[in-house]
Amino acid sequence: MKNSAMVMQIQDPASQRLTWYKPPLTVLVIKKVSDASVLAPFVYLVDWLLQEKNMVVWVESAVLEDVQLNENVRFKAIRDKLVTFKDGRDDLTDRIDFIVCLGGDGTLLYASLLFQQSVPPVMAFHLGSLGFLTPFRFDNFEEQLTSVLEGHAALTLRSRLRCVMHRRSDRKHEAKTLEADLDGEARPAANSILVLNEVVIDRGPSPYLSNIDLFLDGKYITSVQGDGLIVSTPTGSTAYAAAAGASMIHPSVPAIMVTPICPHSLSFRPIVVPAGVELKISVSPESRNTSWVSFDGRNRQELFHGDSLRVTTSIYPVPCICAQDQISDWFASLADGLHWNVRKRQKCLDELSDLTASGSEDTLDEIENMKLYDV
Amino acid sequence: MKNSAMVMQIQDPASQRLTWYKPPLTVLVIKKVSDASVLAPFVYLVDWLLQEKNMVVWVESAVLEDVQLNENVRFKAIRDKLVTFKDGRDDLTDRIDFIVCLGGDGTLLYASLLFQQSVPPVMAFHLGSLGFLTPFRFDNFEEQLTSVLEGHAALTLRSRLRCVMHRRSDRKHEAKTLEADLDGEARPAANSILVLNEVVIDRGPSPYLSNIDLFLDGKYITSVQGDGLIVSTPTGSTAYAAAAGASMIHPSVPAIMVTPICPHSLSFRPIVVPAGVELKISVSPESRNTSWVSFDGRNRQELFHGDSLRVTTSIYPVPCICAQDQISDWFASLADGLHWNVRKRQKCLDELSDLTASGSEDTLDEIENMKLYDV
Amino acid sequence: MKNSAMVMQIQDPASQRLTWYKPPLTVLVIKKVSDASVLAPFVYLVDWLLQEKNMVVWVESAVLEDVQLNENVRFKAIRDKLVTFKDGRDDLTDRIDFIVCLGGDGTLLYASLLFQQSVPPVMAFHLGSLGFLTPFRFDNFEEQLTSVLEGHAALTLRSRLRCVMHRRSDRKHEAKTLEADLDGEARPAANSILVLNEVVIDRGPSPYLSNIDLFLDGKYITSVQGDGLIVSTPTGSTAYAAAAGASMIHPSVPAIMVTPICPHSLSFRPIVVPAGVELKISVSPESRNTSWVSFDGRNRQELFHGDSLRVTTSIYPVPCICAQDQISDWFASLADGLHWNVRKRQKCLDELSDLTASGSEDTLDEIENMKLYDV
Amino acid sequence: MKNSAMVMQIQDPASQRLTWYKPPLTVLVIKKVSDASVLAPFVYLVDWLLQEKNMVVWVESAVLEDVQLNENVRFKAIRDKLVTFKDGRDDLTDRIDFIVCLGGDGTLLYASLLFQQSVPPVMAFHLGSLGFLTPFRFDNFEEQLTSVLEGHAALTLRSRLRCVMHRRSDRKHEAKTLEADLDGEARPAANSILVLNEVVIDRGPSPYLSNIDLFLDGKYITSVQGDGLIVSTPTGSTAYAAAAGASMIHPSVPAIMVTPICPHSLSFRPIVVPAGVELKISVSPESRNTSWVSFDGRNRQELFHGDSLRVTTSIYPVPCICAQDQISDWFASLADGLHWNVRKRQKCLDELSDLTASGSEDTLDEIENMKLYDV
């Protein structure tokens, strides 16, 4: 009998596909706001979901207050059929089967924000140009939606990072917190947040460099001296981390990316660690100033001396429905969103060679071997 | 019942540990060659394995021919107890329980070369400075080896890439090859090779740029115009790929790294794709010249128009025994091998602030607000 | 007669040397503050300049108030011989022949701040480790200072950037300003500042990306979308610009470096333009938010829509005295301050080759040509 | 009297303009070869120069042999009026007043190759897309050429590097060489070559890393361990050096760029040194293998142990006529040739903000402050 560790299981990304265990009945529609061009498609879509698919359609309550939307005749006809919720007040857990996003990458970040535990499958349409997270074109939405609702779709499970802040001042209340935890292990910690792109630790408005200590699985790894540090998901590797110099990671790779922002050290390259590690970030004890933390560009807050931020991969990914498949969708978004390897053929060297080869065989040799002169 | 895809399994790297299903009896010792300083430790080690651990010790037959070694008295005493094999002639599959490497990263690449299918656990000692692949110090080798032989060790499974060359001219022989395959599915393909670091496709001695087409899972992705392309394992991300600008990936991340070498396009960043994809690389049809391929720096050969190289993750990793654990070993090798984020504290801004704050509170304010002059 | 443009004048950096047209009599000593370790060297130095060289020694008035310094017996003896000035109040123009800096790069930035027109030659000592701007060791300061005062020294003329803010609201006052200018062309503009390292335009505390327009010699060049933009001198290319990814430029090269900070575009490389151009920077008209500007890390202020910042190379460099010469000093500072190309020899490939070459000539060939196997 | 070094001369690039000291009479026309699309424009141009401008037109003798060209009726009519020369045999020095290039950057590299001392002003037309060195469009060539011949044009003086090989074996012949030099100081050295883009030192076909020593003004600076080293002009900073990671330098900056190719050291950034220094490059004494040198992609030759390559800025630049001006032409070529900072506006963060701000003022606050949950 041989050591079983010797053979690896390698998952084929093409094997991840959408499966409906029961037909989806409720759909949440998230639209981009403050953008008049999204209103007509939104009304079309909602109307179609109600009439053709007989689905229960949820929207954020604020949508019903939109002045421009309320002037739309077709919208008026369906307004009362919509179910609303108020963000930050109503719990959507287990009430939504399916999410449709309309407009831009921000709609997906918002969906991630709304569902801090399990997330229903998300189908995201772009209206103008392709986004990193919005692969579907809207023009033949009926056909594409029908196909997805019938279960014909590849899926990319986008991992998220679970971030928990530990405040130094919390320690005295530890006993109390433990007590509170007794009445239900399943209750989420009050100070955690899930991010789809990244958590950023930076120097904020301070003119001094950040001094941030990084720990992995409890061990001190290094200190970051510079503008800050980005801890991102593979999804986030094409966002702020790309601007800070990171390589781009396909969202299906189970990993966490750590990218310094303008590090003082020339050799501080970005690193990619396994999804299963726990990162701890804190202000270096000898640092003159504090740092600032933000989550997917939001909830900015100060990280004081003695505080720490712990980051792990959440077990709750965002299941994103692919327009084509995991690989094609990703490279399409790289080309469109980042102009990745868009280029023009280099002809310079070829031309020079052509030039000198113009005469005859021996001309070429002459040039290759000739002595060139200069005083 | 909810969609099971909504929850991810996240593997903790600390969970991978060495397990002996039966006590290891045979050990292969690989030593660095052409380096006299390795001879004494080698003799000590082999002697100890024979005498103290009663193991069967294998060495490459060429070792017995080493002139300097044969002058060593202690070696003469044990010479006849060694089992030898001839590289390229004798099959080691299933005959070795355990490998000990002595000397440098090259010894591990060589071990990988010897075992093109399942690889026994490898324990690698460095003699001078720490290598990327040789985490153990030799000074107290007895203690460390005993501990490992008792099964106390963390393990890093370093994935390898399986590279298969498809020659255009092979096509006419396809029928024949299929026939040959009939007498045994288990027989390895005659034209595949496993690499631990990377396969490199470059322009070789040609003065023209390479034009290489890259396909993933059968789909055309992009063309590389530049000096070439590196397809590497996470282990290889700290080797040539790092020199070409890649981020560094921990060896436990199931991924393949694709890094262009001096690409003509400024936006051609390295990318990281899931371990489960198949890459195909070929010379672009309109390319003026061919390319050259090498495997872990060896077996250099020309890639002609119409040929293709296929790369997938092998199911046979190299199981490397950790000196400490997966995380600590990796960061130690980054610091030592690449001076990763070795730096000096920046004091410039602080000092300026100190300077101007030297007098009194109002001096500071004056400077902050003062008008500065220049003609 | 041929076109005279056909031959270029190329300046040898070694030709720039210190020349005293008259013996230096007055010396300004700038010391690092809030650092007790600098006090003893400072007193030694000042005492020596007074006693041995009979120079008039200037210090900032705040220095006389330093509590620790006033406890120093030797300092008490010379305290009354020092000439003082108050930063921001007293004009030092034409009153100082020579500057000695003691402590760190910040002391030189401060010297640059004090002299917004012509700057006397600066000799800068580091106390701990070598700085980018402080090449001299203190231990044999008497010898080195004597040599410099005798005129034996190479000089690096570090160019500075003249930055002028044009506020949209200033336009209504233009007539008035012109009138004021009539009574003396030589009078410095009230809103200009010279920087030795860089001027930084960033998004400040805003969570949105900066949108900054860049003009050269009045022509629109590009827009920066990202964290910001650094306009630096060659001296500044080893400071913040290096952290943002710039190449390092020797301080004698007459150029201005433009480096984006975390640009959203992967192809936005840093650029180097001739010292003689004028840059204009303004907030893009369609930008949602404003930007913030800081000068050598100081004087942080908001750049509003309609405002513009104009940057040109000042005719007043900072003449820095070299410890050895322009070239040696610069590379010493790169190695020490940035660990530039500090590395460890790569032996991996060599070793592998050694390994396989261990047996005999034909062993090598066998491996080179052998078929490697994998299922 | 003050130290004159305190004020710098700063040259305005706009001040460099074309000046004809006598009207240009002879013109050399260089066309791209092996490209049929260039033939018609070439005949038009040459005919016009002969008929309308009464100039003496030179072409390379090989041009007259071109089969396709000789089938052109209009060409047959002017064929006998052309003056020809044979590259490598006939000396063009002082015989040409003006050069017109037609076709691609290679034509300019070829012009540089032909004139190893003083170069006449060059006007370069691109036929397809804009090149780095070919700013003029061909469609209204008559108008543009007339304007240039009348002296209305800005000029970019592109510096070149003078490269001299010193062979170890040459040393024994030193006495002889000195003697030979006596009969004429003005005679060019037999082993020098001028490059417009770059000289590259690389490992050639060797699988081992290059080990190259770099000296500046006779002082050892550093060793390069990697694929090689590029020493380039500012013109060359947008060619191979850009692919290797260099910042882009405007051709008017008097500087030499040194860029490592895939260096083993993470901290080995490209550097920019003053045009007046001398670089010496040699194979490191302990290096296992030799290196290879090529000049503007040509004349590839081996650099052996003990040999050295010396590089200085030549006093003979290539005077290139601008289509618009120095600044506009350069940025146009960056955008077109390298897609420099071609990008798409980032809307992600804005959208998220819009989304959450959709309801009312208090909705925004709620989200900013809300507790987010995760188990």
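Each chain gets a letter, A, B, C and D, in the order it is written, and its residues are counted from 1.
Heads up, the rule we're going with is that a contact is a pair of C-beta atoms (placed from the backbone, for glycine too) under 8 Å apart; a residue touches a chain by one contact, two chains touch by 3 or more.
Keep in mind that this is a model prediction, so the values were computed, not measured.
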Centroid-based (C-alpha) most distant chain relative to subunit B: C
Chain pair, B-D or B-C, that carries the greater number of C-beta contacts: B-C
Intercentroid distance (Cα basis), subunit B paired with subunit A, Å: 30
Length of the line joining the C-alpha centres of subunit B and subunit C, rounded to whole Å: 42
Touching two or more other chains - residue numbers and ranges from subunit D: 207, 242, 263-267, 269, 297-298, 314, 316, 338-340, 342-343, 349-350, 353
Subunit D residues touching subunit A - in the complex, by the definition given at the top: 30, 32-35, 60-63, 65-66, 87-88, 103-107, 109-110, 113, 116-117, 129, 131-132, 162, 186-194, 239, 265-267, 269, 295-299, 314, 316, 336-337, 339, 342-344, 347-360, 363, 366-368, 370-375
Touching residues (chain side subunit A, partner subunit C) in the complex: 204-205, 207, 226-227, 240, 242-245, 261-267, 294, 297-298, 300, 338-340
Of subunit D, residues touching subunit C in the complex: 1-8, 10-16, 18-22, 94, 118-121, 155, 157, 159, 207-209, 216-217, 219, 221-225, 234, 237, 242, 246-250, 252-255, 257, 259-260, 263-265, 267-277, 288, 313-317, 319, 326-328, 331, 334, 338-343, 345-346, 349-350, 353
